[in-house]
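Naming follows writing order (A, B, C and D), and every chain is counted from residue 1.
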Amino acid sequence: MPDAFDVLTTCVYCGCGCGLYLHVKDGLVCGSQPSRHHPVSRDNLCVKGWHIHESINHPDRLTTPLIRKNGALTPTTWEEALDFTAQQLGRIRDLHTGRAIGVLASAKCTNEENYLLQKFARTALATNNVDHCARL
Amino acid sequence: MVHAAAATHSHLLKKDHLKGFLRKLAKEYRLVAPVRNRHSDVLFTVIDDLDAAEIELTEPPQNSLKQFFLPQQERLYTYTTTAEGYDFQPVQATIPPTVYFGVHPCDLSAVLYMDVVFSRHQRDPFYLRRRQGSVLIGVNCNSPAPNCFCNATGSGPFLEMGSDLQLTDLGDRFLVEIGRAPGQALIERWQVFFSPSADKDRAAHYQTFLEARGRFSRQVHVEQAIRQLEADTVPEQVWTELSLRCQDCGGCAYLCPTCTCFTISDQQLDDAGGQRLRSWDACTFAGFTAMAGGHNPVQAKTGAIRQRFTHKLRDDVRQNGRPSCVGCGRCVGICFGGTDIVRFVERACQGSL
Amino acid sequence: MAGLATTFGSGAMTNSINEIENAEVILVSGSNTTEAHPQVARRMLEAVDRGARLIVIDPRRTRLAECSHLHLALRPGTDIPLLNAMMRVLLDEGLADDLFIEMRTENFLALRDMLNRLDLAETAELTGVPLPLIRQAAQLYGRARKAVICYCLGVTQHVCGTENVQTIANLAMLAGHIEKEDTGVDPLRGQNNVQGACDMGALPNMLPSYQDVHNEDFREKFERGWGVKLPEAPGLTLVEMTHGGAQGSIRGMFIMGENPMLSDPTLSKVEETLRGLDFLAVSDIFLTETARLAQVVFPAACFAEKSGSFTNSERRVQMVRQAVPPPGECRADSEIIMELSRRLGYAMEYDSSGEVMEEIALLSPIYGGMHHDRLEQNWGLQWPCWDRNHPGTPFLHKYYFTRGRGHFMPANHTPPGELPGPEYPLLLMTGRIYHHYHTGTMTRKSERLTRECNQAVLQINPLDAKAQGLRQGETVRLVSRRGEITLAAGITDQVEPGMVYTTFHFAEAPINLLTNDAFDTGSRCPEYKVCAVRVEKIMDS
Amino acid sequence: MPQPIADIYLPRQARVEQIVAENSQIATFVLAFCDRSYNDGFRYQPGQFMLVSMPHCGEAPISISSTATRPGNIHLSVRRAGKLTHAMHGLRVGDTLGLRGPYGRPFPMEQLAGRDLLFVAGGIGLAPLRAVVDTCLDQRDRFGALTVLYGSRTPSDIAFQGDLELWRKQGVDCRLTVDAAEPGWDGPVGLVTALLDDLAPELDKSTALICGPPLMFRAVLGKLAAMGFGDHQVLTTMERHMKCGVGICRHCHMDGKLACVDGPVFSLAELRKLKILELDG
């Protein structure tokens, strides 16, 4: 692998869907540039796309699962976070049926993730209470 | 600009042997060249696997060498704030010696311009340490792209100086001219790849130049616009129109091979410190000139737009004798509001030609 | 996008973004295109430079309005009468496309009768736009050979959002401006994958590919595919879920990459609801306002750290490719979902996002030919793409509408849910700005974007500012019946007297504390574009 | 092979030795480089500026308000304006900050020798001029009469009171005015331009040095012109956003000139050739 390379991906900052290259150096995204032949970006990005790398490496990124203990969110393991979540959602589902569970998908996540999430809601949680902020 | 007689110390490199030559270079240098990737975009790319890379020498690459000498974002220092004090540690970056192959005349001119900017008042260590270990192998443009206008900025389509080696495509072979000592050294080191050029090769070179010069599809009156700016006769309305259309993307400056404005900012990483970053900036952003407390000496958008074109076409001519627009055409057609430098030149010259 | 679904059968842009620059007339309604969809605006301005006419319908004098040939500065919430008036002009002047109406549409008589009952002068009066301007706009639009209408949330975020959209569709069908290349009706989607999230069935009433939950056949198909019995009753919408109150029917929530604590209307109610839940889990990349209320927070991978696909506004399904590994212990949302699902007794095993897409193609007809290996090539595919050999669809409704015939849905004026009065004399509109995206979760972490803009600004007309004795940049209090915030005053004639405008990106000035949770009965879309407020000067040193 | 290039962007650690609160918004920080030998060899000229680093705040240009004729430490007088200056106001004696410089074209002290100097300042604008006044006082024989006109918002906003006191004692004609009086103020109220009415400078041997907010600046220029000052007899120092300080980053552009290397000190004659906000309004 060269020390620096570019990966073509799709911008997340509006519905236009520009094709942009993320510039990766030493394992970090440190730049972005438009694709010239992409039908939407056509060799330029808006100011948000040109600076998209700045929020990827941001030190405020969450990097560990958090769980509320004694009122405060504290770091925990994936196992505990997943087990606890599954147990809680399962309990509510079994006690009140799936109608008591709401699931919000995301207009910022991928198609595949949204598909999985609504499938998860409709199968594992037995609810059609799944929506996202399409109208906001 | 190019004369048949000028190319005295020139060599020939058969196209069949180009890859072999590059393979030798790649053993001792990091190799960067314009590569057409699988999405059909052409980018200057660090070449890891020469056999897998499709080197593209005709379509101008969408990025320029600026990205390598002045990266979009680079870490200058890390800093710590402890009880002992507030201390900066330089980032120990190792910069491998790099051959930049297949650099078009516009981009070569741009590097020469950057060399001046980064050493005129003070020598910029971060730029120069990248630049010092670099070898530039240029390739003249036989068929300028539709947006090119380097003929109007004096930076193409052929260039005689600026690179270490300068290649001209003569069909089945390249004519190779030596620009500077590192180029000479390369030729000597791998002389087996090269053969002497004959008069007919140099004649073909000149003929190719003449043909290339006739292949520009745009006529951009850069000189006239420079005169208008110098005489301060660009109608105010032109600035107003352009600034209404500018949508603050910064793309023209970021894609420009000679726009070297940068900013320096700190990013806190934890309680004990952070890093100081240098990143590209653009004079068209309002925040470029805004001072702490909010006052901005460049108040209207027109001021920022005026700065962009005036700097490129007037101030740099005053200072360096030539504009810092190298006519590469990268900013042409990419503006969200249709206000690229070619449109500016057209508008500025309207009624004056 | 319920409005287009009922009239055309598909709720998406009928054109490709690039077609816009070939249009002869572009009608933009309720879209601050240069700021919210820069690449679309780029095509509009390119069209203008080629000689096209640009008509902008917007209460504010946006940058696009300044670049336009006709700016119809309507009173907020009067879109329907304005468009009805335009249609009446088309009828009166013989600019209706009779052949198209005859061959391709139904229910035209209902529209014609409604339009003929219209008093043009009165209608124009209602909208605040001079009748000659309306007439001119109608003529431009009606006479064009290729004309597109682009609209955005300025049209949909009203109590009558669905009717607004239907009225736009009526106008396009009346003029015959649909079915052709470079001609159509284009709702611009706000977020990067809103289209995809809808396509994927992240909707309470729709299974993937807009297959109605009500419909037994569709349900059966998915039950066979997924191997479980599916719930029949449509679910609750987002606002119903987040506004249920502390004792609402929803007891537990799982929120993936959304921040309703900033994006939803009447935030105090959202907070009450979320705090009242028995359990809340949030998956996000930053600790958002919503994540702060959760019992469990999962650190998610961002777009640069995973692979999959997004569907843009022009229905183009494109690859998202992983560039770097996720930082720390972050995991992709898909992994999180699969882990939870397994623990809840429904195992989902996918080795890659490509495998998920294969299942999507199997069950969602419009994605029938979408496979990652195909998306990898070229620049993705535009749905509908029925099978592996289908090239995708750059523009919709060629030869026939998705629903068969286009259905005219005549609508009359519906006043906004809340209008200014003596106590709250100003009309507040909300929207986006160029430098920030949605709730600012990502963009406000960017050094450059925050340098350029890091403050909520209340646009207010110089006359209103003067009446209050406000200076440029002064911090003011903005109050509605539901709450109050403080923010900086930006005095500008971009807004008319009596109107103010601001954005929802800033957590320190959460404008949705003020907005009205009245919403459109058709689409459940909240009325963000109109509510009544007052501006108060803050009296201190 | 390439020779090592000096790291011109590397800030050096400096320690706060003393803090003088000039008013509620302005404080003067007395600083010395932690590296003693560097500190001892550090030289600068009046009108030059330093780039100051504060943790997580980046850098900002601050003009030096002390004189090189008193070596050993550097004074930076700072008004709270943005993030960095606010952080500076949180410093305590003994804390450290980052410094690099000095940068910029200084006041042409050689050319000012033998002339009567008229200083006109508003608010924080006295900071860079303070460096000149103190230089003149330390080399008293080289310069003619010294007059300082200083405008403040209110009497309690008057900064540099200690300096004004000292200057008076050394024969500098210091005159103050305020925009709005407070109880106990019996001095003039109004713009600093009004103070010029009472002066009758010998034009052929006078130079004016001005620094202050744009409105004041323009008003003073008008007045001086009316009094007969030629454009060459008026000097000022310009404030701009800066990042590199050494003529590369271009944030401080002024119609073809750069404030960091072509300035910050300019004569009015030089400024008149430029399209800048300060002159065009």
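Operating definition for what follows: contacts are C-beta pairs under 8 Å (C-beta built on N, C-alpha and C of every residue); 3 or more make two chains touch, one makes a residue touch a chain.
These numbers were taken from a predicted model, which means no experiment stands behind them.
*Asks:* Weigh A-C against B-D on C-beta contact pairs and write down the one with more.
*Replies:* A-C
*Asks:* Roughly how far is subunit A from subunit C, going centre to centre by Cα mean, in whole Å?
*Replies:* That gives a centre separation of 20 Å.
*Asks:* Between subunit B and subunit D, what is the separation of their C-alpha centroids in Å?
*Replies:* 39
*Asks:* Taking each chain's centre as its mean C-alpha position, how far apart are subunit A and subunit D in Å?
*Replies:* 51
*Asks:* On a C-alpha centroid basis, what's the spacing between subunit A and subunit B, in Å?
*Replies:* Inter-chain centre distance comes to 37 Å.
*Asks:* For subunit C, jot down the residues that touch at least 2 other chains.
*Replies:* Answer for subunit C, listing residues that touch two or more other chains: 38-39, 42, 379, 434-435, 447-448, 452.
*Asks:* For subunit A, write out the residues touching at least two other chains, lowest number first.
*Replies:* 8, 19, 37-38, 42, 44, 46-47, 54, 58
*Asks:* Which positions in subunit B touch two or more other chains at once?
*Replies:* 39, 247-249, 263, 265, 267-268, 274, 281, 285, 335-336
*Asks:* Going by the touch rule stated at the top, which chains touch which?
*Replies:* The list of touching pairs comes to A-B, A-C, B-C, B-D.
*Asks:* Contact residues on subunit B for subunit A in the complex?
*Replies:* Against subunit A, the touching part of subunit B is residues 30, 37, 39-43, 45-48, 62-63, 67, 71-74, 247-251, 254-255, 267-270, 274, 285, 330, 333-336.
*Asks:* What residues on subunit B touch subunit C, complex-wise?
*Replies:* Those in contact with subunit C are residues 39, 244-245, 247-249, 263, 265, 267, 277, 279, 281, 285-287, 294, 335-338.
*Asks:* Touching subunit B in the complex: which residues of subunit D?
*Replies:* For this pair, the touching residues of subunit D are 2, 5-11, 13, 15, 34, 53, 55-60, 81-85, 96-98, 214, 239-241, 243-244, 246-256, 261, 275-278.
*Asks:* Quick one: which bits of subunit C touch subunit B in the complex? Just the residue numbers, please.
*Replies:* My answer: residues 34, 38-39, 41-42, 45-46, 49, 63, 66-67, 379, 434-435, 447-448, 451-452, 473.
*Asks:* Which residues of subunit B touch subunit D in their complex?
*Replies:* Interface residues on the subunit B side: 76-77, 79, 81, 85-88, 90, 117-118, 120-126, 128-129, 132-133, 260-268, 273-274, 276, 281, 283, 288-293, 295, 297-299, 303, 306-307, 310-311, 314-315, 318.
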